[in-house]
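Naming follows writing order (A, B, C and D), and every chain is counted from residue 1.
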């Protein structure tokens, strides 16, 4: 039983999964707060469904305020103050951010989305913003008190998010020292953020992804008026602590990041941040679901003993704990690699391409694991698992979203295939794992991948899935052993 | 593409999956109605969440009415009129009932629960009721017009449903020609039914399952007053077209079915009916989810072509269609076997034990398949799949319930193990499959099962899952080939 | 008690309040249907709150469909088929329409709004539409089957509805044989109607009400695409059976009614129709609330007898029935007068001005009476009156809306004052009442009004309310005596 | 305009309405907190509708917890800490409690119900509890920190609250040093309170009100288990910050207050406290609605000027401010009188009878005024007033409940009549007002009342209402002048 004890709280597990836990005291104090004060808040937000939007104030002026309960902001700001954003730039490392994301998403997987997209705003601004733009906006994002601004990442339009080259119809027109954007963003995370990064196509730019640019879009114009409209919030099945909205940009003021023809690189760098966060949150969610299952299995009896003590269930707990460790190792490897490459500019190093493959494997594998664990937790609860009253069905809803946003499994497979094909990333991975994985296994897997890559495109895609899954399992296993 | 065409509607698939489709014209006319009139009703019921209960009328009298919209009853009664109950007794066959359940649950998986529990009331009444009890109640359940009564099956109490011997605390006291029941039923399907079967323990009976008896409990006492209270409806994540409630029995009038010491057999016979229905509904749900995925994949484009025409996705459709056929074959075999044994009384034949094993395999396998397919359909829809607006997340919620009620996967495995151990049901199964399965495969599997069965109990349970899964896959594959 | 019997159903009261009831059999058959089939539908719609809007279909195309349950349309279409619109033009009389509105709004006061605004679309089209426009649209509005189109009246924008001259910012630009409208309508009744009349200002027109024109705006452009967007539905406290939305017109195709500089007259003619409907609905609602109070008072006892038989309550029932008759007489007089003048074009007759004053008095008086009665009905129910479960709080919510839309009490007083001042409408009224009102009372009231009209503007407005109320009471009393 | 300024916040108005405001600094600090921190909490609670009840914990044990958001308790406890209960006993005066209730209910009229019923528990316990009972429970109710217990007053059952003699069916059986209560309370305010007072009939007691007794019922038995069940929370139209539930008492432990045959006096003393609170809350609510109307009228323009500057509306503001002062004066007189008599035991003094009449007049008059003002505020807002988004419709819902609970208007009239008839309370009132009211008016009114009191019962009740209203208006006017 003692091994299972580690799953009851995030720090307990981190201690078993990392050689040392940086920022241990910070994490402990956060864990204390979230496990007491934040739990009922998070549940209440989930039960409440999508919040209201107040579109007009009493004078008839459009305001587009999102009416979360006041306690939502208490919870939300806690993470900002703890440093989920400011530490990344102050400590020049992403490790503290992702540690906080792990610890917090054990309690609320949705609220880590605002943190992640704020990171996805602050980091590109710090890398690609002009001095003036940085001076204007960065201090707000890095504030250590409740005046902190939030960021947001608005890429996807109604045509869909996978094929951004075709899907982004938002147009950008230059207007003096800034740009004016017009278009509709369909999945706009953190819709009430004070500052967002948004993909748009400058007038006259190339078609496809080459013609995209990345812009900063503040919530208010420089004259103080609203710079955009929130058409509505999405009625999502979960992650209700992030307000995902539809945003209407109408000649909205914007500031170019980087150059007008390099947007796709910046977009993908933003996506790297959120994809890695997705993996970290997926593992934390799986741990949480297991912790709930454990608490239940300890207090329920059938056929004369606690259900935890029934051999089949007990075995499932042990096996799943093993998988949890593998999944964490894979996710954390994507964190460690990203921490090494996130300051790179194109053209990127091999380390970056290795990171990309690991990030695809981790996104794919951890989300599948989170769903499977959430489903299992519901089954452990039997009929109670299907009731809103007991709260565990929430983990399946949350996990299902994790499997879809930042790219579905389908997309991870195909993008993983591409980075293997173009950059030989699988070879980089095998070299990276050298020492921890037996060489005959590596040779066999490498040969199978080479075979796959030489197939005609159609065949390659059709056959990619089992091999990608095998590679993910292989990598996770050897990282955690 | 032509093979995929079969999944668009239930009858299309049934035509490919059965050598002939009995009651073809009836099913066609039902399909026409449900695919037009019932679709918006079913969606509206799901969106509305749990219905209100009106507990008191204006005079202050307790009435406990469930306030579904009027159109709910239009939809519900359609199935009764089509014969989902009366045909079983009139045609002395369960085939028409399960065909209707397949066709209807493609459109609304929840509404088949009222049908199933009505079947689970009418059949035991017809087998085990006294002449007087039958005369009094059976005609109402078999009515062919809107005066039809509904049935219900109320077994589970708050202690849980797996270990009924310990979990049923409801007490029955004899009172002249009837009994009086007192206790709380926690998962009471179809809580507003006019007649229910309920498990209870006669005063002074043995502890454990041997002391259980099965009773008929009408909604109204013979003096016309309410015979029970609906404490509340459960806030389930899905199947909102069945009102599952908590029922308070307080000296509620009841009529014994069979003898006071044979209840557990009757309870398991009732469970047979619903477990088989669960398998049929699971397959229909999977087909429905696939049909939605197909419609979406046909109308969405990425990278210059319909997403249906992308090789990986196209391959997934074909592979999943193959699995759908296997799953149906397994589910339908449980229907065919049940149709042969449902009139048996204990002691049961080998055919009955064969049925039990197939029913466990089918319940387990089809529910897993339904969940996996619903999850995949959400992923095919990308971000839209996570939105309530697009309705496909519903299939995951519905499927998740199917995996839990009538016994979780865990329970199917352990009960399947028991019937193999005690009745050698796996041997009966291999004999049954002789001719369709290659004999070396059979021999290998049989040997592995024998090995498992000789292990100490703890080890046996721990190792049961992969073998049970293998047996389910094996059986499904050979039945559909 | 026999007099109270008349309030149980609308036709019963109409028989006592009108010398003969035209279309008696039609009304009886409608009453039969609404009192049985429609009652649960109407309650379910009210309980459900605002319906969903499906903004995008699965292909990503904007569709803006309002997701009422299917049964809503069953209920809604019933009135159209009965002739609430087509009879007005076929029988060249508004009497059948308002009789149907009375009878139906006893069961659902909200659903009479779609009928009224459809009338407010069909009648101006028939009076002011070009032959081509009429040929294109009118048959759809007058259809006697379920293909019937609905109308809508969209005037108000966010600046408010009283001062349309300042509040209407929607701009109309000529474009060949049609116009293109751009602007936001804030209170757009029946937002999913196939055809609406909308107020807009042609480019370059005069400021103020003189520069307004009235346009027909179809839901779909001539090329079949959506001609407008529904930004959202309003979350109103009642009348949930009318979908009131915010409409975004963006270069929306439109057809001018009448001339571009006479819009204000057409707008006011449309308002006449709905203001009179508002009075009729208010009285029907008051009757309904009383009917509910009666049913309650008959089945509840306190201090040893039915509460209906307590002297104070019994007296209140009698007094309120008397007021109901007065209120109906006043409302119906506005119907009768409108029926005489609705075909007039400007410049209008004295009869028209008399109508206007009576319509103001009726709107004011009946809405106040409806609120007061709804409040009283809640009090009769005691604590149960405050519970959603018992449904009578709905009447207060519905009544409160009736007191506000089509002009608040405030507005009726000031507009009533204006028609007295400019057109001497009070003298026309006294002449109209000659014979039924005692001449000394008339003389006294007329003198007081004359005195009021000679006051300085500020004083006149300040002192107007009690005199206006007195005039309303006087008129109602003498019309019903 | 300067007079209108006083309505913007509660303390501003109290300063104009009272010669000195006791506890001024305390009230100011409370006002500061409630006007900032509590406002969004209160709105969120109202929007959320009735909270969930968690009936079972994960072990299957009944817990009946009410799931308000965490911030609800922050808000709720604020009032207890400020001293709404403990000051009454520590300062031996009810003035601080009612001042706090006025100030707080300006921001949330519902939350003053928990405070009032806690007062209604603590005071009778301190007057009538045995030393042992007081020692056991009173310190919890008077705690100055967050460990404070709440009280509750559970009288009404489904038969209705006016005729308690017939309506209370709950039975009390003696059991050693305590009693066991069995019955259902239908309107149980503050259903999750740690301690309630409840009316019940000891076995064998007289029928009617003479046979009632008042008991203390703790939430938990002395063995720590739940002492009662919350069947459900009521879905009320307002006051959502008080959880009103249906309570099932089943052999619930209870402690007698006073003697077993004096319950009706104790019940009425409890009712005195809440009836006076109701008047105070009604006036605060009216002030709040006016403050909202003022804010709106200042920021909206029509016909070229702020709507506040239109003569009719401006006049209405002034007139209503005058009425507000009268209503407050009447309500506060009931506070002052209660403060003088609340420690009396039966038989009561003339002062007590005077209090009763004033309390009836105040309850009646202030609730009517609150409704009328809330309705007017909605009208001032025009269409926006009917939208949930703008929040002013809430005041009508809240006011409507104030007019019903603690006795409808009907009941105030009849009970007022009784105290005039039996105790000549009108004469006591006229003596009390001597000096402030002109003697000829007094004489005329007194004569009319005497005439009324000599009528036969039926006639007396029928004619009571206008005279009662006149007496209320007369009293309010002369108290405020």
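Everything below uses one rule, namely that a residue touches a chain if its C-beta (ideal position, glycine included) is under 8 Å from a C-beta of that chain, and two chains touch if they have at least 3 such contacts.
These figures come from a predicted structure and were not determined experimentally.
Student: Looking only at C-beta pairs that count as contacts, which pair of chains has more of them, A-C or A-B?
Tutor: When the contacts at A-C and A-B are counted, A-B has more.
Student: Which of these, A-D, C-D or B-D, gives back the B-C interface, meaning over half of its contact pairs coincide by residue number?
Tutor: A-D
Student: Regarding the chain C and chain D pair, does the interface count as same (over half of residue numbers shared) or different (under half shared)?
Tutor: same
Student: So how far apart, in whole Å, are chain A and chain C when each is placed at the average of its C-alpha atoms?
Tutor: 52
Student: Counting in whole Å, what is the centre-to-centre distance of chain A and chain B, each centre being its mean C-alpha position?
Tutor: Computed from C-alpha means, the inter-chain centre distance equals 38 Å.
Student: Specify, in ascending order, the residues of chain D that touch 2 or more different other chains.
Tutor: 55-56, 60, 160, 300, 389
Student: Residues of chain C touching chain D in their complex?
Tutor: 156, 160-163, 166, 186-187, 234-238, 300-304, 310-315, 371, 375, 378-379, 382-383, 385-389, 393, 396, 400-401, 403-405, 408-410, 413-414, 457-459, 461-462, 464-465
Student: Give every residue of chain C touching chain B within the complex, in rising order.
Tutor: Spelled out, the residues of chain C in touch with chain B are 37, 40-41, 43-44, 47-48, 52, 54-56, 58-60, 67, 69-71, 74, 295-296, 299-300, 381, 384, 389-390.
Student: Going by the contact rule set out above, which residues of chain D touch chain B in the complex?
Tutor: Going through chain D, the ones touching chain B are 55-56, 60, 158-160, 231-232.
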